[in-house]
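Written below as structure tokens is the structure these notes are about.
Order as written gives the chain letters A, B, C and D; numbering starts at 1 within each chain.
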Amino acid sequence: MDNMNEMQFTEGTFDALYGHKIIKIERDSIKTELLITSDHHQPMGLVHGGVYASMAEAAISYAAYFTQEGVWVGVNNNTDFLKSAKEGQLICEASPIKIGKRSQLWEAKIYNDSNLCAISKVRLSNLNV
Amino acid sequence: MDNMNEMQFTEGTFDALYGHKIIKIERDSIKTELLITSDHHQPMGLVHGGVYASMAEAAISYAAYFTQEGVWVGVNNNTDFLKSAKEGQLICEASPIKIGKRSQLWEAKIYNDSNLCAISKVRLSNLNV
Amino acid sequence: MDNMNEMQFTEGTFDALYGHKIIKIERDSIKTELLITSDHHQPMGLVHGGVYASMAEAAISYAAYFTQEGVWVGVNNNTDFLKSAKEGQLICEASPIKIGKRSQLWEAKIYNDSNLCAISKVRLSNLNV
Amino acid sequence: MDNMNEMQFTEGTFDALYGHKIIKIERDSIKTELLITSDHHQPMGLVHGGVYASMAEAAISYAAYFTQEGVWVGVNNNTDFLKSAKEGQLICEASPIKIGKRSQLWEAKIYNDSNLCAISKVRLSNLNV
């Protein structure tokens, strides 16, 4: 992990477009952040549901990429929206539910301050089996 | 619908940031589009899973906003990724599975040319009941 | 399919316990049925949500078993409950959304007369890859 | 809770048919059990996926019924199958992710000894709003 340059990793990607940044990756967890601006809102002025789904999808895919053997792609993203957010910071913390040879299932929780705004399960499939 | 200005509706929002445009809204359907650029990619050069989830979330929320009584918010987004895309256009077509008083369930299908890339179910809840 | 004896196939299993019967299997579809009795109810006298999930799970697993190469196991069952049922017959009709080498995604619709009571997506994984 | 007779509550229902028993209900949790017999198997001799989905559905619905105000019905059951089981006991433990006025989201974990076999999210909707 030491030499990883995450800024470079996501440079020019969708995560760079919407300002999603990796803070920390460990074998069993990842932490990412996003500073909310009006660019993340839907028309009612709340954070767009797609922002939460995108953060979970990316965080979990990147954690698998950096910590697991194999080539992993997302096959399902199931996100529940629990509380709306308008401003401040979103923190996404994800950890695995099951790491298998063919399939991984992770869960991400996304917080705005102490509020749990969204919870997401992402299933990844190994292209190398 | 005739006087609706969707460009204005999504101006300054997340959908404007990632280039997601409403093409047509009818009572039982919505059609939207996105022109893929590298800004929509994940690090492997494929369209980011969050783009599909965001398109489904937005398309279905906007269809409910413009065609149904009540104030509807997304409570769940369940997106399956079926085939990757790199370039060209994404077309999202959504229609309702069930329209209830308290809850709506819609399904979105997202195509890249004739390939079905993602299928998504979004559940909306009525804040006015 | 001609020589298949589905009664024998499910004999002594959970499907036999709750009276779930295969009517017809084709390459791209399966049709099953259940005659509702009070044994299928939850305490309020409506069909138990688990009955719908079980029917979808079984129908799709059996269709994969009889029509696809490989050894397929369910990894996710996502069932939406749309309308309650009390009596009569439940008919489950399922067809594939995507048949891949590693993964299959099917959708089941369960009807009570003409009412769509539940819709379910089941993902199967191939143990042979 | 003191006077509740859960045996009576589920008497004659689907849970009685497949031998699913409530062990303990508290405000923020429920614990249930099932003794696996061949009646719970699918044709390969493993516990049928529908059994896990049914246990989660019932456990969470009963916890809401006994501990929350309102009339709650399940609208979605999303169950991931993590590890197969053949014999012994299944223990289901569920707790709420979010308790809202209109909607509740709970998570159930189902164990066979120390193995986590399935994890399930169930969303309930309040018919009284």
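In this section, contacts are C-beta pairs under 8 Å (C-beta built on N, C-alpha and C of every residue); 3 or more make two chains touch, one makes a residue touch a chain.
Nothing here was measured: the structure is a model prediction, and the numbers come from that model.
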item	value
Of all other chains, the one whose Cα centre sits farthest from subunit B	D
C-D or A-D, whichever has more C-beta pairs in contact	C-D
Same-interface partner of B-C, chosen from the options A-B, A-D or A-C, over half of the pairs matching	A-D
Rounded Å distance, subunit C centre to subunit D centre (Cα mean)	20
Where subunit B and subunit D are represented by their mean Cα positions, the distance between them in whole Å	33
Subunit A-subunit D separation of Cα centroids, rounded to whole Å	29
In subunit A, residues with contacts to at least two other chains	75-76, 78, 80, 123
Residue ranges of subunit A in contact with subunit C within the complex	75-76, 78, 102-103, 123, 125-126, 129
Residues of subunit C that touch subunit D when the two form their complex	9-10, 12-18, 38-43, 48-51, 53-55, 57-58, 61, 65, 73-81, 84
Interface residues, subunit A side, partner subunit D - complex	78, 80, 82-83, 97-98, 105, 116, 119, 121, 123
